[in-house]
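Just below sit the structures, each encoded as structure tokens.
Heads up, the next two complexes both have chain A, just with different partners, chain B and then chain C.
Showing the complex of A and B:
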């Protein structure tokens, strides 16, 4: 018997996480033309912050002096989250906010030197930044346990027993929708138009009075916050964070979703995220049903690569095309 | 009549090539000033220095009495100078109308904190939209408003770029070959519109142009550049009759 509720819930959660990361990349790449090849690093920061903050906070409340990585602490966290609903939920909310802020600060810090570079160099610098961060965290034990990772990050709904996943999926999809609505409102405005102008021709935008470097810094900061949010939500979903979860592959998953769905179109990005989530889940489901003479997970890479090539060749604007920015001015134009 | 732009001993070198060599001149308000000279004489470099795209090696630029040498382009724009490019540099994924909506100054909705709240910027946006539509009508581009900027013809692109600049309410426009590659009748139309913009909005124009035969009847005063230096200046009639200018353009026997 297949656990339908569990399957749907985890699909919704994975869709939400993909969506958040891709929306954040779409803000940078789709709207502003910033080729962020290090997207995963900012997601990782969010996950690390949530993991470490939660573990230290619970140890502090309980008054335990044991290392947060010890089996004893793991037990404490599991017990704590089942018994103390309000503190667990509070820690969840506070750590997500902290994840947004700290990831955003990382984005801002990286933007200072990186935005002086031309696009292709910027892409490489961000890719390298992500890898360096991963390798440091992997080899620095006190933050999230180095190569062993940090286990038992308590889900805010641990107390609900079998309803953990369904309840959590509701939270993630609500957060995703809120971010989507926020971005739609942010980008269907003179600000969205400004970002597209910088993307289309940065020099012309400067000559027309736009401080493009400052604006790109804002975008990198805001998008990194959103990526951090997705990382935090991921940490509470998997209840385990380890540096090696955040390999560049995740960045390119987001790139595939943006290109497949349609750059500079948030609805397209959600559609792309849905397609990739379903593909992902189907392959996983298939691997449980049929025995293949090879590792099924590699099928995923082959199919995703194929999708990327086919889309770029036949439909480079993606499934849903970019549309002009919608402001009240469009109404004025229609009456003419 | 007052002076709007003054350039003093401007010099710019690229490697071993002196692109602009000790150039000094000044421009009066509400005039249409021409800048001519053969390819590679330093005209575009001079424009780029004034607009803040390159810093000069030495020399100063004053705009309305204020020193603006080496300020970044957006600061130069704020003071009232807009430059157009030799190759039309529109925002090509956007519509003509959207292109016109980029330059207006002090857009409330361009600030990150205001953008998500439409009620804060909607009224201002409508005002700019009306300005844009009026200007599009004036430039006879209004039936192309909703078209992508890539769908315009070469001449329309030039016109669109001028119009886009005007949306930034400049007091001085630097136009780099506004009629290059445009059919003669359309080139005349473009210059006619420049004349009207000068009269309507009081904009001073400083224009690089090669096609003297079209240009002459619209321009008040001409500077001639050759090998980085201003070699001749005067009203159009004098310029066209000058043997020196003929020699520069047609190549005199040495």
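Showing the complex of A and C:
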């Protein structure tokens, strides 16, 4: 008997995590033209913040002095989250907010020096930023345990027994929808048109008095906090964070979704996320049926990389093309 | 007293390998003005080829075979993926994403095959004899060979680019493709040639790299951002800037790191941070790297300072 509920809810969670990360990349790359090759760094910040905050907060509430990485702390966290509903949920919400804010701050801090650079240099420096962050966290023990990682980050619904995953999937999909609606509202406005103007011709927008560097900084900050949100949700889902989880391949996944679905089109990005989630899940499912003589992840990356190259060559605009910004003015024009 | 000499020897060895790798990156960058994120995989392929062939033939021949295989892969990369994409789409960002995915595909393919055949972590058969050993300072065959090979390659490449007609054509095509094609140079063929040369350099570098450390499917990828730093120091375009960059990275990663480790107690696990920091600093302060510095100007500046 296949666990249908578990399968569906984990698929929904993975879809939401992919969607959140890709939506934030779409805001940067699709709308504003910022080639963020270090997307994973901002997701990582969210995950680290959530992991460390939750662990320290529970240790503080219980009054335990043991290191948060020790087995007894792990035991304390598991027990605590099963017994105390309200504190666990509160910690969950507070740490997600903290993850958003701190990731946003990171995005802002990076944007200050980096945004003056040319496109390819910007991509390179963001990629390097992600690697620097990973390397530091990997070798700095107190934050999330260096190479060993931080285990047993309690899911906010641990108390619900077998309903953990379904409840959590509902939360993640609601968060994703909220972010989606927020981005749709934000981008179908004069602001969205401004972003596209900067993307298409930065010099012209500057001539018209738009401070492009400042606006790009805003975009990077906002997108980073969304990425941080996805990282936080990921940490609570996998209940384990380790620095080496956040490798550039994750950035690649987000890029694939955005380019496959259609840059500068949030609906396209959701479609792309759905396709990649289904692909991901079916490869996972297949690996359960057939015994491959190799690790399945390699096959997954080969397929994804080939899809990316083919899409770039044959249909660089993606599955759903970019649409004009739907401001009220456009609707008035349509009616006339 | 081992510390400075030991580190200096290692710095020179790694520096020469980095400059070989970075030279290929610079050459491919000049063909289409996009950084090739799949360059690391050319090194991995070279390392694997030489490691596998060194079991059957001498390491020298294995290196030559590695250079050939990597050169072929480099050429195919351009002919099959980058060239058509450059003509069809032409957006630098797309090319970067495409090379990134190409690297991912090749890396995963190598890992998949290595997993099947059980060669996830191998070493080439290379007899590393000690030539000179004074008070613990060891100079071995690997050091001599890689230094000789890298300099022979660099010098012959330089002579080829400067003296021969084909080399001149290649430089012309890289500097100004439009003008070159007006003069009847097949810029596409020249670009393919650049990629083949880049693959060749990467293959030789990878072969020695494998003898130095181990060969895994990730050697090239792990080295990629490090020698990217060398290329960035050269402004991604300058031939000599890149070579200098390779040595700067080599020394920063070994001599400077060892110095910091001994004097300040910084963990050597932070070693990869050195090239990353160099990239960040160079890009933020002087994105054109050493490429923009004219030798004459620098000389006159130094002279001026002296007088003052």
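One rule holds for everything that comes next: the second predicted complex is superposed on the first by the 334 of 336 C-alpha atoms of A that agree within 3 Å, B and C clash if a C-alpha of one lies under 4 Å from a C-alpha of the other, contacts with A are read in each partner's own complex, and residues count from 1 in each chain.
Here, a contact is a pair of C-beta atoms (placed from the backbone, for glycine too) under 8 Å apart; a residue touches a chain by one contact, two chains touch by 3 or more.
Quick caveat: nothing in here was measured; it's all calculated off a predicted structure.
Student: So in the superposed three-chain picture, is A:192 touching just chain B, just chain C, both, or none of them (first/second/both/neither)?
Tutor: In the superposition, A:192 contacts chain B only.
Student: For A:174, decide between first (touching chain B), second (touching chain C), both and neither.
Tutor: neither
Student: Between chain B (first) and chain C (second), which, if any, makes contact with A:278: first, second, both or neither?
Tutor: A:278: touches no partner chain.
Student: Which partner chains sit in contact with A:286 here, chain B, chain C, both or neither? Use first/second/both/neither.
Tutor: Touch partners of A:286: none, neither chain B nor chain C.
Student: Is A:207 contacted by the first partner chain B, the second partner chain C, both or neither?
Tutor: After superposing on A, A:207 lies in contact with chain B but is clear of chain C.
Student: Looking at A:61 after the superposition, I want to know if it touches chain B, chain C, both of them or none. Which is it: first, second, both, neither?
Tutor: neither
Student: Scan A:306 for contacts with chain B and chain C and give back first, second, both or neither.
Tutor: second
Student: Where does A:8 make contact in the superposed view: on chain B (first), on chain C (second), on both, or on neither?
Tutor: Neither partner.
Student: Overlap of the chain B and chain C footprints on chain A, residue-wise?
Tutor: Residues common to the chain A contacts of chain C and of chain B do not exist here, since the sets are disjoint.
Student: Tell me, which parts of chain A touch chain B in their complex?
Tutor: The touching residues are 182, 185-187, 189-194, 196-197, 199-201, 203-211, 218, 222, 264, 322, 324-325, 327-329, 332-333, 336.
Student: If you look only at chain C, which of its residues touch chain A in the complex?
Tutor: Listed in rising order, the residues of chain C that touch chain A are 33-35, 81, 84-85, 88-89, 91-94, 96-98, 100-102, 104-105, 107-109, 111-112, 115-116, 225, 228, 232, 267, 269-270, 272-273, 276-277, 279-280, 283-284, 287.
Student: Quick check: in the complex, which residue numbers of chain A touch chain C?
Tutor: Counting only chain A, the residues touching chain C are 35, 37, 113-114, 117-121, 123-125, 127-129, 131-132, 135-136, 138-139, 249, 252, 255-256, 259, 293-295, 297-302, 304-306, 308-309, 312-313, 316.
Student: Over in the complex, which chain B residues touch chain A? Could you list them?
Tutor: Residue list for chain B touching chain A: 51, 53, 72-74, 76-78, 82-83, 85, 89-95, 97-98, 101-103, 105, 107-112, 114-118, 121-122, 125-126, 128-130, 132-133, 142, 145-146, 164-165, 168.
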